[in-house]
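Several structures are given next for inspection.
Two complexes are shown next, each including chain A; its partner changes from chain B in the first to chain C in the second.
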Partner chain A sequence: MNQNGRFSQVFNILFCAFMLAPIVVVMGVSLTPEGFLEFPPSGISLRWYQAILDNSDFIEAAWISLKLGIVAATVASVLAVPAALAIGQGKFKGREALQALFLSPLMVPTVVLGIAFLRFLSLFGLNGTFTGLVLCHAIIITPFILRLVLAAVVGLDRTVDRAAESLGASNWTIFRRITLPSILPGVIGGWVLAFITSFDELTVTVFIVNPATTTLPVRMFSHITQTTDPLVASVSALTVIFTIILMVAVDRMYGLDRLLIGEGKK
Partner chain B sequence: MAFLEAHGLTKTYGETNAVDNLTFTVEKGSFVSLLGPSGCGKTTTLQMIAGFEDPTMGKIKLAGRDLSAIPARDRGLGIVFQSYALFMHMTVAENVAFGLEMRNVDKAERKRRVADALELVHLGHLANRYPRAMSGGQRQRVALARALVIEPELLLLDEPLSNLDAKLREEMQLELRRIQREAGVTTLMVTHDQSEALAMSDRVLVMEKGRLQQEDSPFEVYERPRTSFVSTFLGKSNNFEAELKSVTPTASQLLIAGRGLTGPSVNLKPGTVEVAVRPERIEIVDAADAVITGTVRERIFLGAQWMMNVATPLGDMLVIRRNAGRREAEIGDTVHLSWAPEHMRILPLNEVAA
Partner chain C sequence: MNEKPWMMSAPALTLFGVLLLVPLCMTFFLSFNSFGFYTGIENTVSMENYVEVVSDSYFWEIFGRTFAIALATTFFCALLGVPQAYILYRLSPAWRSIVVLIVIGPLLISVVVRTLGWAILLGNNGVINSALQNWGLIERPIKMMYTSGGIVLALTHVFLPFMVLAVWAALQRKDPAVEAAAESLGARPFTIFRRIVLPQVIPGILSGSLIVFSMAASSFATPAILGGRRVKVVATTVYDEFLNTLNWPLGAAIAMLLLASVMVIMLAWNRLVERRYGEALE
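Presenting the complex of A and B:
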């Protein structure tokens, strides 16, 4: 059943095309046998995928990004879950202020954040270190987790906590056995979103990396400032595929609609 | 012997007393209802007994122990919440086992007791289901099994039937009573539904505005309401003002709409009083025997009964007549009403209505 009119159908198709076209172009370019960017490709070749394997800089950067994403998303989750519980269930003054504080990294321009982090990390001698990167990324991605966890927390029935309490559960047990399992889809969805955000974060990261901690997006950025070979296209294509796999996995487990829109798939 | 005792229990929110100097006792093994309209303080009372709210004043004792210093998790009470508050990510068996796990009951024993509890509520075959896949009535039984499996000294029921549809509610009234009797657990139920309270309880505590209005057996609260509020909250009642002329130990003299009438004795001083008569106790009689005469304004046929609204000098009166297979008075007819003196309840004048 299609309830949309013809005009909105055309609009939807154009919108999807607009969203997907760059990805299609990147995929196409990555398959070229030539030594320059061309679209459509004149043939099909995995030459530039082969080239990634020969380029240890990219492999290393990918590993750093992967580790950084995992650690930063985990650190941010550990911060965001208690914060979401306090904001969503607590009754204290300054709840709104606390929420605004946690969401504020979304509102500050990333370039400004980058410069601020650069100064800040220099003060503690963490500039260019992995720890420094984790700290900065955790701050940037906390809002993503917080919002999804908060949506899950707001839907919780507090009497369930009371039921557990009346049965003898301590606060920690209630959190571990009752609350956390109930909000787990939100936490995992938030973690994945945060991981992806960290994985392709460039603007802030460019300020705070050194050659030993260069992440994949920074490596790609510096690569295209020097050459324009299709290597970046094949790396991008792999990143896209990796992200899609991750999203499909989350969708299978918990349902993306439910995580991102907050509607139940029973 | 009093098992649960509340003494001068008071809960103040800001300026208002949600619960005002409440004193009552519950006998061991009995089923007692706290009945009242919403906002009467019955739920707050339950919360204080459960340990989720601290009393502003007063004491609660269970089996002689003062509960005030004991946190909710250590009181060992079984509670069934209005929303059932099941753990949705756990199976029925896991839900029921939770309280036993918290008590470190070993696995074999746990399994046995969970099975027993589920058997008691007739849900043995659904042990591995998730609550999501169950009906309201089944969820309620799970909640009940979860509360009973820890063998609580006291079972608290917070509006346990209000989320069920009418037919299921009647079934569950009987079922709940059976389970309570089999488990032999002292039970305190909070409800706003008078028929539920009457049907299920050994004793009913009627509350209004934080105060205890009356404590009696269901029959007594219905038959001998002691306040105007109780007379109208439980069942239907025709309440009107009358003049109490004199009282003797055996009878009283009343003046109702200018007519002298003998009523039952009452512990009140002469003056203006309120008289309550149940609609099913009013009879339609010949003009000579009438207490009051009026005109039928509305008439509804209910199958087993007729319900009539009669306009009289005392105000509109509700009359319920058993359907005896005869024709009844029509709308617009003049009818003469009367009732036996012992069916009048003479109550202190309700300050709110006056």
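Presenting the complex of A and C:
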């Protein structure tokens, strides 16, 4: 039942139009047959999608971003899941400080993180390396996984663990057969959110890439600041489509609102 | 002393210690070093970078502009996001899942892409200006690119989902019976919203504002694309110092001042919220 009055309905429509406007415009521009940014496009052509294929820079950058997102999200999950279990299940001194530390990348301005990583990596000759990117991204995306896994851990029924323990199951068996299956939706949701965050990250990454490890957002950013042609619009349109597919999948599996609010099921 | 939780957190703790705390400390120390055009970074300790920033009106202007943009963005996010969250809350489940996808989904789309969209909309030959000119409403294009106003507009779009989420979360915690009571006593919808709903979601608005403000104050991509070199903010200034001028110590000092001012504002804000609405947040 829709309880909103007419004014609210108009507001809702305008609000949705506002949210969609820049995205629709980018998708529209990408179909132009002309050599400049034009909206609405005067015709429909896939010329600028063809142009991506001739431009190996963007394809290479997309591969790097894809690999980086997958590796960084996986590394961060492997680190964050045990930490979330410890924080969520244990009562120990320093628990809150630990949680604050793991969530702190959300509090520090990203530009500060960027220069701090740049300073550190360049002293150890790791600047611009893929390893450096993976480790820095793992730090930035850990909070997203931690929050979702924590929400899942808090709702766990510990009596099942104790039952398994009393029946002689080892810690590893308990984790693998009982804990992990019940927090799995949270872990998967966190992984996807972490992957998307890494895939889109610009402000930190722009400081710590070199020409050989340029990621897609950095490539797009430097393209936009140097020239204006519809090439970057067609690349953008493809990333939007890729994100929408991921988003719908996550929404079906986990619920988009729950993923982004970071709260457990009530 | 229970050691198990520490062992489970050890891998993450090591990564955060080595790659987050150490680099942040190093950046802090870097901000006291000096920089020579021919000698590079010199290992001296002085306050000269901070003195340079504080005594130069150019930097005051940049910091002032940054916080003005962040404040305006927060204001517009609250103005638009609060009613939208309430509308979302009252939609039927089927409609709600569609509108959630439209309202919150853009959060997952790259800021670079969203800002590119605004650049196409706001340009002198952009969508908005040509539409207004075609309809004969204006004669000459309104300048929106390379203005603070354009940046505020785009940042509002970028951060609105955070405000909607925060307020929506607060709405789900409130007591629906009060609203029903007001309605049965004959209150008009707007009165219910203003007198019943709004006071209950103020903690949500405040926490949403905090998120939006701190992210807007340190945003980089949107001001860099829409403001260019003409409308500089703190984040783009730091970028220029590090990657163009190569004066890392000065850039580090500017970044530390940004970090400090954002932290101070966040702590003060948190304290205010906790003192006034501590119970409501439980």
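Assume the second predicted complex is superposed on the first by the 251 of 266 C-alpha atoms of A that agree within 3 Å, B and C clash if a C-alpha of one lies under 4 Å from a C-alpha of the other, contacts with A are read in each partner's own complex, and residues count from 1 in each chain.
By definition in this document, contacts are C-beta pairs under 8 Å (C-beta built on N, C-alpha and C of every residue); 3 or more make two chains touch, one makes a residue touch a chain.
Source: prediction; values computed, not measured.
With chain A as the common reference, chain B sits beside chain C without any clash.
With both structures placed on the common chain, the touch criterion links A:Ala164 to chain B but leaves chain C unconnected.
Touch criterion met: A:Pro181 reaches chain B, while chain C stays clear of it. When the two complexes are overlaid on their common chain A, residue A:Ser8 makes contact with chain C while staying clear of chain B. More residues of chain A are in touch with C than with the other of chain B and chain C.
By the touch criterion defined above, A:Phe117 lies against chain C but remains apart from chain B after alignment on the C-alpha atoms of chain A.
The superposition of the two structures on chain A yields an angle of 100 degrees at the Cα centre of chain A, opening toward chain B and chain C, reported in steps of 10.
Of the two partner chains placed around the shared chain by superposition, neither chain B nor chain C is touched by A:Trp172. Our summary of the superposed model lists a minimum C-alpha distance of 15 Å between chain B and chain C. Across the superposed pair, chain B and chain C touch chain A at no common residue. Residue ranges of chain A in contact with chain C, taken from their complex: 1-5, 8, 11-12, 15-16, 18-26, 29, 37, 39, 78-80, 82-83, 85-87, 90, 92, 95, 98, 101-102, 104-105, 107-113, 115-120, 123, 135-136, 138-139, 142, 196, 199-200, 202-203, 206-207, 217, 220-221, 224-225, 232-233, 236, 239-240, 243-244, 246-248, 251, 256-257, 260-261, 263. Of all residues in chain B, those touching chain A in their complex are 50-52, 72-79, 81-83, 85-89, 98-99, 102-103, 132, 143, 146-147, 150.
Touching chain B in their complex are the following residues of chain A: 157, 159-160, 162-170, 173, 177-178, 181-182, 266. Interface residues of chain C, counted against chain A in their complex, comprise 2, 4-6, 8-9, 11-13, 15-16, 19-20, 22-24, 26-27, 30, 80, 83-84, 86-87, 90-92, 95, 97, 99-121, 123, 127, 154, 157, 160-161, 165, 168-169, 189, 214, 217-221, 224-225, 228, 234-235, 238-239, 242-243, 248, 251-252, 255-256, 258-259, 262-263, 266.
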